Amino acid sequence: MKKNRVVLVLVALLLISLPVFAGGSQEEAVAETENSAFKVAFVYIGIPGDLGWTFEHDRGRLAAVKALGDKIETAYVENVPEGPDATRVIRQFAQKGFNMIFTTSFGYMDPTLEVAAEYPDVVFEHCSGYKTSDNTANYFGRIYQSRYLSGMVAGSATKSNVIGYVGAFPIPEVVRGINAFTIGVLKTNPKAVVKVVWTNTWYDPVKEREAAVALLDSGADVIAQHQDTTEPQKAAQERGLYSIGYHSDMAGFVGDSVLVSAMWEFGPFYTERIEAAMNGSWKSQSYWGGLADGIVKLSDFSPLVSEDVKKLVLAEKKKIESGSWDVFNGPVMNQSGKTVIAAGSVPADGDLLGMSYFVKGVVGTVNQ
Amino acid sequence: MTAVTKGAGNTAPELILEMRGITKSFPGVTANDKVDLELFRGEVLALLGENGAGKSSLMNVLIGLYRPDAGQIFLNGKKVHIHSPKDSMELGIGMVHQNFKLVDTMTVVENVILGEKDLKLIPNMKKAAERIRSISDHYNLKVNPDKYIGQLSVGEQQRVEILKLIYRGAEILILDEPTAVLTPQESDELCNIISQMTSEGKSAIFITHKMEEVIKFSDWVRVLKKGKLVAVKKTSDTDPSDLAKMMVGREVLFNIEKMPFTPGENVLKIIKLNASDPNGIKVLDNISVTVRKHEILGIAGVAGNGQVELTEAVTGLRTSQSGEVLINGENLTNRSPIEMIRSGVSHIPSDRVAMGIVGDMSVASNLAMKGYRNKPIVSRGILRTSLILAFARRMISAFNISTPGPQTHVKFLSGGNIQKTILAREIDACGDLLVAAYPSRGLDVGATEAVRKEIVRQRDEGRAVLLVSEDLEELISISDRIAVMYGGRIIGIVDSEGCDIEKIGLMMAGIENHQQERGSRT
Amino acid sequence: MRIHFKKRKSYSAAAAVLTPVISFIISLLLTGIMLAAFDINPFKTYTNMFQGAFGTWRDFTETLVKAIPLILTSLGVATAFKLKFWNIGAEGQLVLGGIAASGVALFWSSWLPPFLLLPVSILVGAAAGGLWAGVPAILKVKLNVDETLTTLMLNYVAILAYDGIYCGPWRDPNGYGFPGTAQFPAAAWLPRLSGRAHMGLIFALIIAALLWFAFYRTKWGFELQMIGQNKKAARVLGVNIGRNVILALLVSGAISGIAGACEVTGIARRLQQGLSLGYGYTAIIIAWMSRLNPAVCVPVSILMAGLLVGGDSVQIMMGVPSAMGKVMQGMILFPMLAGSIFTEYRLVVSRRNTDISEAEVAK
């Protein structure tokens, strides 16, 4: 028995010493270095490797790092759940001396404002919400414009005239995207319908795939989505069918079956806002940029998209960029055919932000 | 009831298995004490004994579930070491346990190949099913390999177990009380299956405590009693009453003093009580019996003939289908245990560790498990620990419970002290009726004497006692009358004073005693 | 050589104390090796973890924020486990408690006097949690339906209902259609003690004390213990098993329900995304590590919260991926859980294949 104990102690000592040797060449973590660089933090709902929403924000962060170089120093935390944890994580960044904090999910809105009130010297940028304060701005993009264009491609590609749409939550952001997409679909194919399935999650590869499969089983031959992963696109590709990407240029991760993607481009915006904060010209605002501003984009077309369709889409894109027309300019009819936006009228941004009805051509309900 | 035709002609039987001097003890109990066993090819050996006599533990040693403290095992003359059921299976020894080791939600084939030594990643189910079918046909097992176990009757499941062993190449089959769960017809079929196997040179060990089965199934019989081998007989040289006597045995009597028999008024009156188990098998058959103040009514019988069920019916643990249980004149048929406790019934249950104590609680807590409901130990739902401890100290000294202290977990005590703990609790809370099932089973001499004395004291003080025991000597020495149970019936009641032990043995074997003792009054 | 476990003949107090300590040290060592393998300095990691969780008063209050639901749910779980009733539905009971409390806070403020709004919210939350645990209890008692399945399944029902409610009918009419209810009226806000640490802490401590007393000093606790340790004996001794199971589960669910009610009234002050964070599952680990002792559940929950919070702050301070934090948490917990076997068993090393009788003599 005694002997065993001696052996145990020796093993323990060995184990203790191992990390010491191994840890000798440890690099200092970014956030720990002490210099005068402007410190910028990002709070992510998913992981940069999701190839979707968080991937795009991280691409934006890296673009800002590239543009501003040594002048800034960035850090991020991934997989932060919406809820009590978010407040803590945001506060920890503020407490650690970060000068600017981007919070990139709707559920971070209240936590961001809560911490912002406590740290007036730190500036905050919250994505996709509707509240602001003196040191909290919010930002978002009119991705619905890209959605509309991608819908045109989908409408021209469907043969069954059923397009499946995997939606995360029945909230205005998603509803607006579905509506814009559907208006685009009907532009090229008045006979098509857009079938919506809710997953009630932003990020769940398994559920997203299941929803896509259910849509394919029910006759859809093009899949679009408002989710954080590429699973719905992959499900379509596996059946030899088409899909429309979202968030990033998903053709790069899935293949040419992704006909086109409605995508984000946060880099220039992030660079601009960080620079403003650095030189003191930063002001709280509610930013909602569109195709013309470059925060939302349409990816390159897949080689499977015909020249005619491309030409048509690009013409519409130019129209939107020029400001002469926007997706929800009247007339817009709801599912039951009632006109909700009168012909010739342009809806206010507030109406779009709170949009909670489906337009004509959508199959599904907003209230689950 | 014809005996299986045994042996393979005139050639001298070949000894295939020998166990020598097997000793196995558990804390407080010696399960096997230098037990020898011999098994010949093509023969059936019956291992006879009461519950706890050491039959199962001996077999568990043989199949490698237990490691013996001493002793050796020889197979075909060669010494073998068996460390696990896997080892024994490789040597061709397999056991059908009382509780089948089958997975309900899997098919017969799946169950049979499950746990096979060189099971392939994707087993050839078709081939396995074919082999199962051919074995089944050969031995007339009537097993459909594609059925789910859950769809099979208990008898069919047992045959699947047997088939599983044959499939894996067992030469020696151990059957642990195989008939306990069978109907008489299934029992006969089993008998045929075994004789078919033995005629092909396989051998079987048959664990039982029923004499008629020994006669029906076996070639040889070994009788175990309290862990010791007490008799080895050729089955043809013995008979049921002989076996019964060997089983209950004769041993040194304690001289327990008791007051003369002066029964008082009725405490327990059972009238035409009938009860069945969930499978519809009758366990209590028209029982009528009375126990009076100052009286110990002993219940004799071979285990499994309804004695435990009778105590359960009296203590509220078993519902009866018809008949009445009266205590002090009050009809308490099919009342809950708590109602029986409140009406003054105390109970020393048959399985003291499983039913009588909570092993992971202290001796003091276990002693308080009746009294915790009453003031002053509990007041407004709050327990007074100091009173519980004081009560425990009193009981520990009054009943001579040997424990490191009242706070010791009761599972660390010896069997005798566990039983004294139960006794102390039950007697302290006892009203007019004490129901005791096998109170001295497995106890050493000293503890046995203490327990018996205490039971007699209760009777002398005026309580009625219903005492179930497998020990005939115990019944004769302390009870006033003895009722013998067989097949759920009371087959006869005799006065214990000057009773004929031979006659009781016969009754235990189911041979009815038509002329009732004159002294018995029911 | 043959290594096997032997059941201890009596409980060793030394083993009970030393086992978790030694397990914890082993945990740190193993995790350290893993971190080193990924070129992350383990000492700095541990320091950062500790500072993130307990470094400043403010950090500690954040750890408490996480500890409150853990204490409550682990107490709820322990109450059911005391009976060997495997209630793994604390998560659903918490969520349902949160929904019910939100309902009261949102819709009863019109007629309830303000000073009653908060207590009624919490009580209704408790009742809802109790009901959610009571259903599997009744199914178990009456129909012998396996409780692990029912309690687990009811988690999904509760979580889906919760998703549906805050995204659907209870959605804030002035919230531009965004998911989440309106903020509760101030009368339904659970007061905060320091930072975001709220009154739920007081409830948790009171309930822990009450439960401890109930378990070890009352007739009810005595019966629970009897049923949990030996159901058969409890029945023979006249204990009403069915009634006790149902009662204990109502209590178990109610405590988790209070956890949910405190989360919505104390932290978010509205019903929105982020109520079901897996506290109910972590609680199972805590209850086990605490050996179902309510007094032990409190410090263990705080340590567990520290581990979770510290894991996050390592991410912030050292830039390690979140998955690394999760792996670390798992690696630290695993030996601690595995270690508990040493309080019941001891390790025996013996030579193999010695003759049985010889081995016996050698002893």
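Structural remarks
Per-chain residue numbering starts at 1, and chain names A, B and C are given in the order in which the chains are listed.
Note that a contact is a pair of C-beta atoms (placed from the backbone, for glycine too) under 8 Å apart; a residue touches a chain by one contact, two chains touch by 3 or more.
None of these values were measured; they are calculated from a predicted model.
By the document's definition of touch, subunit B and subunit C have no common neighbour. Centrality by C-alpha centroid: the chain sitting nearest the overall protein C-alpha mean is C. Subunit B and subunit C, compared by their mean Cα positions, are separated by 43 Å.
As a whole-number value, the distance joining the C-alpha centres of subunit A and subunit C reads 34 Å. Centre-to-centre separation between subunit A and subunit B, using Cα means, comes to 70 Å.
Here subunit A touches subunit C in the complex through residues 4, 12, 15-16, 18-23, 25-27, 29-32, 47, 75, 77-89, 91-93, 95-96, 106-107, 110, 129-130, 169-172, 175, 200, 350, 353-356, 367-368, going by the rule given at the top. On the side of subunit C, the complex with subunit A involves touching residues 25-26, 29-30, 32-33, 35-37, 39-44, 52, 58, 62, 65-66, 160, 163-164, 167-169, 176-179, 196, 263, 267-268, 272-275, 277, 309, 312-313, 315-323, 349.
In the complex of the two chains, the subunit C residues touching subunit B come out as 9-11, 217-220, 222, 225-226, 229-230, 232-240, 353, 356-357, 360.
By the touch criterion stated above, subunit B contacts subunit C in their complex at residues 67-71, 81, 315-317, 336-338, 340-341, 347, 349, 354-361, 365, 368-370, 372-373, 378, 381-383, 385, 408-409, 412.
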